[in-house]
């Protein structure tokens, strides 16, 4: 920048009048040397969340318009918006005994992850899907869906959506369906599972191209077995079965393509042996973690955050993350990594060209 | 063609002398209006096959050089070559009590399908994989493999390979490994299954690009459940769960990509309710079927062939096939369809441009 | 929503205290029935832009820190940020006689499009690329680049980047290179063009996987010829040569893949015959247009905007756009469509399920 | 194999009677350690070919049934079939002044490469395409095509097809079109070129999915310029512009995908500076080369074959090939490499696991 010159101030005013802005005063903000998120690392306690959700259960009805009794994590770094990270929406949804969440559909991709309870069926494109502890249920963009609680108690679960991303892109579409759900059957397994829930098997009746996962539910029984198997293989002498010592993990995928189960959200389940550590790393992606069982410590840049059952942690892009398991620790995680990968933008501190000696040409 | 002219005969001789051949005398043979395979539809009886394999079991040792006690289906239309179809090799392999088939590897892709028996482990890239009734086991090209029989009886199974295709392409590579297998552990489940045998779940420890299926075994328990589920869904009112009335079917796929489990061979399991029919169709692909259970009739162009447990049927390209199930009929099938699809060549009588009114331009 | 209840207000305060926000008060804003962009359709006049850029040329030096003398379009609907649309940055860059823009690189993807003038070379990964009227020049993310003006006059051009998108994703990386450019050769054609600028030809020396376009420059000579050919084919009786009557258009692609030349930005050139009309349509994508030659009218929802040489128009997502050409009208266009397509989000009013009779299930 | 035993001979007879063949007597032939093609490396002299084609021009009419006056290279190692290699058909086609080759279409993929002459138009899906020295013209599978000679002299060119591959797969489809071609316009450039022959530019009017190249002709002007540019870049100090010192080369690709122009045949043009050498290598693919200009020596395993203008050389799979250019040498080459790559079978002596220390597991 030159010495300040009144003619420059005048030019800047003139630019402003013409809906123009100079780069030279903003370059550093627009193009920092690495991500400087406004979002901050943050933990929400499950006890608080659940108690507030239960209060809402008494006060706020579920119905047309509001559509869902969901309470969203609002990152303290992103004031007045219900964004856990700049791309991800995360909420606790609470459905009382005999309540019904009305049918709608939207372009936003969604999943449900169940920390505890049962008795609710989510109906996705007419297929009723039981929701139980540890299960992951999908609602890909533009699928019709509603929920009903047939159990004898309220139920609360985690909803994850790409609402902030779709909003940033002005890509929202929404349509109302029926106000209630007539047929409240309670099948053990959904059609999606019956057709697609067999390892490595594709039904010949399926259409040729399937871009979103036709597997409507990923059951805890399978997730648990997969994690158990990895740790057993490690214990039996195969270090390649795990991502690092004592750290098993699976990604939830579309069985028709092997890719992420949703096009904009990656979902994973992690298990750390008591005492294991996920070593520190950074990535150009944001994520939200929920503790399924166990206790541990998240090291987020300079902060150290203790977590226990149900607690949620938001991790902005390029935050350094390390995790210590105090006892055996099961963690559900979702992130916007597929967005970065599909756009050719994903970097980690291991692959960052600036960090790895790429030199000026 | 012109009236015959001695100068033309002379020209043809001259061409021959120069290692040249005229198109005008051969065009119809080289470019028929539709495939005219030399291979013929053919059935082999399991009783014959098994009896001859058992005799071989007494007379022919298994060992280095011959490598395997395998007896191949030789299509009567393809004399002197052990080709079930022009691209597929199919054989019964027989391994006696305490025998070992030595370790080797080759560029040919292979699978084993087990009609009956147990007690054999196939070791693929050091991973011992139990072989039991109804299981499909993979040996992708260039994987090391050997077998050992720890049971108290001989065991026979179906081997399928792309030997004729790889031969037609001059693409064979082969390497000897150890003559025997030292470590004869008998794990219930292989590492491949432990890591990849969970529906929709991908281990995070896996390498990024996986072109051949890492799922080493497709267990009968899962295949059976998938077929059962499709027929139950159909019975419950969902006609899209099956490919046609009373006909359930699954394809064995690579869980990392959703594509065929082997790059050159498609494998499927079919179940027909008693009385169901697979309607007549043609495709530009060849296949081999094996009856797993039940009895039925294959209609192959003008022939009607009765089949029962273990019987094998070769179906050349563009043969019209229909199948009637006399009682509940389970059929294993493998074909060279992926070769056609990957090369942009696959046609059925429903998609054949000549048949569907493509007009001359 | 229930009748207002003081306990609900109290609950909302409690939520706020815990960094939580209820969905039921915000659902309509978060999930509207179709996109409701804050950005507005807007036109910037080239005469204003150029005059202000020239003034900046006198007052503001180019150099380290500010890096570029670029003036960005600031959408009036998006206050205080230099965003033409929520994903796209568009600016006029101005480089005086003998000036040098210093070398840097960044994760943001960039292109330059030249309305007028010549004499500047942009050096991308050490390859000097001449910039001339009608040319499109690429700077894919993380390529080193600087510019020098060897002509006898200042030069101004359009810069397009994905700065807002990369910012919304917290995916910025930036690195300084040398402050100046030593070697100021002025080759007619860059190495990228010499290797890749031949239709349908791929150099065998190229690496196998090429995700961003290796073709550094798309010359006006080729673009003009392609547009001319389409209109000639249409005139000769081939209506399929154009997208609609009198409307020729090309997309700038990566010759190694056929896909978009940049992973996040689609670039196109359009030509309308005098009197031709691009009929009204909406898409879930935002774009910026620049008039290269001619005059016309943009119909943007209810507004009618006259445009002439050099004028720029920002079109937010889901804006209805129609275009009338007063005389032969050449338009450069860039958009964020690849982002939508790669994420499975792209919709037009022709493909919107809500508009096309998708019914509630 | 055991000591010979009459019971084994009897078993073998019994197997034969049941259309079965034992592996143990054939394993080495079926699964050699590397390809042992029956096809042999062979050279055909252009002078011979052209003289015989001209004689055929006098004696053999072109017309319905025989369809084309084409003389095919018949590999001496593959008796009685017109196969240059086990997958590739190569022929000289000869069309006299004012002759017409009738319209037909077939599933086989085809191209024409023009060594010399002009005056013929090939009409592919109604688009007349001029054929001139150095041009490559495509006829993808199932496209209608015929040819007419409007020049004042006969014309001969190289035809390349995948006839042997399609035959080995029993995948032939063929349909007759009109016996003659009514409209004999002689446009300089075909519609395919007008739409797609601009570097890096895709017409917006094109359909979304294009699996075979829409670029009907690759003109010598462009091919020559691309080769020239690579050698100039090398001379200017860029060793990465060429594949090895003095060796420029381009692949003919589908501009809509960047992949091979035909799904089963790779086509390339090579230029060696006088004195340059292509070093020895092997690949699991077969190919045919034609000298366009210059003289050189092909080293094929132990043989050394001199070649000059128009001469053709067949190279079976896994043959070691090196090439020396005596003077500047332009070589057209086509191969079945895409078949191997698409099936995951392609190996070179540099990537062969057996050769590169893959060890037994």
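Labels A, B, C and D are assigned to the chains in the order they are written; within every chain, residues are numbered from 1.
Convention: a residue touches a chain if its C-beta (ideal position, glycine included) is under 8 Å from a C-beta of that chain, and two chains touch if they have at least 3 such contacts.
Owing to the predicted nature of the structure, the values given are computational and were not obtained by experimental measurement.
The chain with its CA mean position farthest from that of chain B is C. Centre-to-centre spacing of chain C and chain D amounts to 42 Å, using the average Cα coordinate of each chain.
Separation between the centroids of chain B and chain D, computed from CA atoms only, is 30 Å.
Annotation: 51 Å between the Cα-based centres of chain A and chain D. The list of touching chain pairs reads A-B, A-C, B-D, C-D.
Touching chain C in their complex are the following residues of chain A: 1-2, 5, 7-8, 11, 14-15, 18-28, 30-37, 39, 42, 44, 48-49, 52, 55-56, 59-61, 65-76, 81-82, 86-87, 89, 91, 103, 105-108, 125-126, 141-142, 144, 163, 166-178, 211-212, 263-264, 284, 286, 316-318, 336, 338-340, 342-345, 347, 352-354, 358, 360-361. The residues of chain A lying in touch with chain B in their complex are 191, 194-205, 213, 215, 218, 222-223, 225-226, 229-230, 232-233, 238, 240-243, 249-258, 261, 268.
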